[in-house]
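Some structures are shown below for you to check.
Paired with subunit B in one complex and with subunit C in the other, subunit A is shared by the two complexes that follow.
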Partner chain A sequence: MNKDLTPYSKRKTTFWSTESMLAYLLLLPCMAILIAFMFYPIVYVFLMSMYKTNRIGMLVRFIGTGNFRTLFNTREFWEVTIRSVIWTVLAVSVKTLVGLAIALLLNVDFKGRKLARTLVILPWASSVPVSAMLWQWTYNYDFGLLNYTLKITGLWKNPPHWLGYPLSAFFANLYVDIWIGIPFMALVFLAGLQSIPPNLYEAAQVDGTNLWQKFYYITLPLLKPVLLIATLLSSLWTFNDFNVIYILTKGGPVNSTDILITFIYKYAFTFLKFGPASAMAVVTFAILLVLSLIYARFYFKIERE
Partner chain B sequence: MKQKNRGKIVIYILTIIVLLILLFPFFVALSTALKPLKEVYTSPPHWIPHKLWWRNFTDVWIKYPLAQYFVNSFIIASGATVFNIILCIPAAYAVSRLKFYGRRTLLFSFLVVQMFSPIIVVISLFKIFAKLGLVDTLSSLIIVNTVFTLAFSIWMLNGYFSTIPIEIEEAALIDGCTRLKTITRIILPIALPGVVTTLIYTFITAWNEFMFALTLINTAAKRPLTLGLYDLVGRWEVQWQYLTAASLFAIAPVIILFILIEKQLVKGLAGGAIKG
Partner chain C sequence: MKVGAVEPIEKYLSKKLLDNIEPGAMEARINNILYALPVAIGPRFLYYRTDVFQKYGIAGPPDTFEEMLADAQKINNPPNFYGVGMSGKKYTELTEFAYYLLGNDGYFFKINPDGSYGKCRINDEAGVGALTFMNDLVNKYKVTEPGVTAYTRDEVQDLFVSGKLGIMLSGAFTESILKQRGATFKWGYGLIPHFAGKHRHALVITDSIMMFKASKNKKAAAKFLEFFYQDKWRFEFDKLVGFPPVLKSVGKLPYFQAPIYKVMVESMPGAKGWPLIPEWAECNDIIWDAIGATFLGQKTPKQALDEAAAKIDRIREE
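Moving on, here comes the complex of A and B:
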């Protein structure tokens, strides 16, 4: 066994040092699995995107950028892409605002706050596919309790057939996605709020600031790192939300609720067009890579501070 | 004093509204699961069952292969959890404790990879599994669930390992402890909460997984809970009093587990943005 007793910080990093070798050895099994079942499939998707494929996904003939050109000439692809952007922006904005509001509410000291906090987590804690199924029943036009409740409380006298029409189905999906995403936002913001030193507010109190000024000049600036990282994460999750849309509407009626993630799946496993589906996967991969690089860089930056 | 009380009342009212909205589908599930068939399918519906029909919670186990789905989900989730922890402890130890070329890049890529949607690779993975003869097996789901939780697990564990002062380990090494012993006797016991969090996280993620199951599993007897229930929803003669009861059974264990690790999870995801 290695008995090198120089402190860690003073040791030199060389590729062939015993320490390096031990590290590579320890990483080997994990990296082997990741390479076999994550990196190799990604490379393979890139490959497939440049081939004409048959109905079982076999590579037939190299066509270069052919699949991409077909894709970019399809109107539907652009509709779906734009919808993915709208979907993500709308959902993340609402999640952020509502999450922040709930965090501010739960930051007030009141009896039963702990219980309320635990209950707020439930939409996130629950299994997403199962929640989506429960929502499907909740949205049911004839027997669902949502429309019934909206009617009897007078909030909405004539609620739509939620999952039956393109626009209402889009918002029904969006609502479920937001509903799942709110707890995380609320929890992160709450943690952020609780790390703000209370003496800052006390000092502001002495200076005679009002509630809004306190929020704008103290809370918001100090919450900025939390806000940034949470919205970045949430964008990634929202953009990737397959389960809600697939289970609620399968992207229907007539593809009107598809976003890129569900559209790729549909192209591959329903239409069996593996080539264009792979091309779409490559485009999506690029988008996700950019977003997650921003997230990771930012994460590292604040970690070091 | 009066104003303070009024403020309190406003806070309570707001909290109740928030909770009513956030728990809405769970109330729906509970209401439906306690109604007999006839009451479920009356229009307009009603919230409170006329007669509490507890039998749905026992009947569902007879009417549907719920037990089989539970067993499948349990096999997949525990399998993935075991493999995940075996793979990620050494890896996390390496990135948090050892100096080697490419360490930072590797850590960075774990954080990036964690965010990739499995949809991107499902097309090619399907082909790979077909070639390996693993389509329609629980093993395939154990593998994908291990793979797609690995990056985040390493990331979480790395965070825990890094908080342990290096001096403790150095002292043990000087005393003649081998590297393996420092891991099993010092690092793991201290980082136990982190290990447990990682275990639970993997278990939950695998338990809730849906898309791979949808793609890779054909045989009804091999369906995990999520897919099994989804299949029942898709059927024409769907009976929601049973499905809601089954759903409540399906989410209860993960909700409890999730609440246990929620704080660590938030911290791991938001990193330095949350201090303390």
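Moving on, here comes the complex of A and C:
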């Protein structure tokens, strides 16, 4: 052993001769892929947001906040942003409430529960674009299953063109997003419910509490961390739900179902205006970062309690 | 071209190949430089149900849009059958607005003396007249399928193929779809109509094949083009896609003497294409919004097109 080595040098030598070096070497390919396919594009998007770009995405001239100033002075941008918020709030609220209701039902032991659990997961297990295309045909006025069923049962003799008018198109898109998203919420909540110790409910039973009291004083508080995580994830995914809207209506009719993500796509890949599109992507990132930080604050507050 | 990505192609190709291509198909010749070769060319024309027309005693396809309206009113029988198809949902092409606009002696931009595009003119008398007529077909005379803003061109095609439309303005691809899906009714073709007192201008779409300037294999690419533009392979390609031939020699083959090809050849004189400007995708989007807003009753045709023209001019000035 070299007696001239300092404690620091000794640690450094030890490090390189242990498994740590192997670990870092094994991580290197993954890091290279992450840097090439994630970090580099993200950094480039930030750069494009501050530059004038040409139609093949090359940086032409630094303009600082020019793209952002143009965006903030565009009425359409604000309409689309507000619509994205409304879209997210409505979809996540319904997904949370219905998902929780389904989880509570599936937590009860009944005959056929396993089958019910399998059926509930089906919309989420199918690929989102495939589901959206199925619903596109379901909503078709002339050949779709929905209008056919409504007419033949007499429930609605003249059903509308679901995707042809702004309000019905918005809610038609919303329904599909909710339909696809409910299973995830239901399963996450079910997992949370199953982690609640049953003796708490037994003790409550002895105290003579009713169903609502059990839910309000036991289930809800203990489910809060799971609720927060699930709604945060759902909010992030719903805010950026490109597939459903692009396949069903492409943001129409007359941009009435456009949300930020479809608007970004249009600017980047239809108009080839990468500068403004990147600026919108940065704005989206900022909105979702603020949302995540607010959630994180609530989550850690609960953890401390 | 502006970013220098496209290689001028003429010097790589033989005179024999270039002389064999219909001059009207050379859309990619800009400022006298040829940047690409036409792969497929598709003039738009009219499909109509000959059996339904016969039933109602209508002699043949309409020549003017006014006659088309009269025919559509006769054969219109909602909710099972509609006179004429109309799309109002955003699509890659501005059909059918382009058909009505060109048929009213209109165009998207003023043409400067040097051939470049000037200010947007979709809100002039021709443009407003075209959109007003389209809106009247949908909302006043109700001879189209309802809820047009839910239909792209492909979905209107589905209606025609399933026997629910009497008239449709489309391209050669509809013929292929009709045959592939085994449509059992009888149909015929007519030239794209025009407004009374105006000239007929069919819309012609050209898809082109180009070479990248950065390519390291330009000679090999040219060799491929010489191979692909031989009669044998162009014939197979044109049969598959259903478009008329771009090569003069292939156009003389017996296969292309069928009525549908005859109507496409007759559509070519006076045919006009899309404006070749870098901002066209965005202009397309803006005009679609104007059309949709008109069909939905959110704006009048004049309001919608005035706003669209102003927006397009602003974009082009950026």
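The rule is simple: the second predicted complex is superposed on the first by the 253 of 305 C-alpha atoms of A that agree within 3 Å, B and C clash if a C-alpha of one lies under 4 Å from a C-alpha of the other, contacts with A are read in each partner's own complex, and residues count from 1 in each chain.
The rule is simple: a contact is a pair of C-beta atoms (placed from the backbone, for glycine too) under 8 Å apart; a residue touches a chain by one contact, two chains touch by 3 or more.
Not measured: the values here are computed from a predicted model.
Once chain A of one complex is fitted onto chain A of the other, the partner contacts of A:Ile35 are absent, as it touches neither subunit B nor subunit C.
When the shared chain is aligned, subunit B comes close enough to touch A:Thr284, but subunit C does not. Residue contacts after overlaying the shared chain place A:Ile86 against neither subunit B nor subunit C.
The partner of subunit A that touches more of its residues, comparing subunit B with subunit C, is B. Within the superposed three-chain model, A:Tyr295 lies in touch with subunit B and out of touch with subunit C [touch as defined at top].
By the document's definition of touching, of the two partners only subunit C reaches A:Asn255; subunit B does not. Once the two complexes are overlaid on the shared chain, A:Phe143 sits against subunit B and subunit C alike. In the superposed model, A:Leu220 lies in contact with neither subunit B nor subunit C. In the superposed pair of complexes, A:Leu167 makes contact with neither subunit B nor subunit C. Of the residues of subunit A, those at positions 142-143 touch subunit B in one of the two structures and subunit C in the other. Interface residues of subunit C, counted against subunit A in their complex, comprise 2-3, 5, 88-90, 145-151, 155, 158-159, 162, 164, 278-279, 281-282, 285, 289, 292-293, 296, 298. The touching residues of subunit A, counted against subunit C in their complex, run 54-56, 58, 140-143, 160-166, 249-255, 266, 270-273.
Every residue of subunit A that touches subunit B in the complex is listed here, in rising order: 1-3, 5, 7-8, 11, 13-15, 17, 19-20, 22-24, 26-27, 29-31, 33-34, 37-38, 40-42, 44-45, 48, 57, 102, 105-106, 108, 110, 112, 116, 118-131, 133-138, 142-146, 148-149, 151, 179, 182-184, 187-188, 191-192, 195, 225-226, 228-230, 233, 236, 239-240, 242-243, 246-247, 261, 264-265, 268-269, 274, 277-278, 281, 284-285, 288-289, 291-293, 295-296, 299-300, 302-305.
Residue ranges of subunit B in contact with subunit A, taken from their complex: 8, 11-12, 14-15, 18-19, 22-29, 31-32, 40-47, 86-88, 90-91, 93-95, 98-101, 103, 106, 108, 111-117, 119-128, 143-144, 146-148, 150-151, 154, 166, 170, 173-174, 178-179, 207-208, 210-211, 214-215, 225-226, 229-230, 233, 240, 243-244, 247, 250-251, 254-255, 258-259, 262, 266-267, 269-276.
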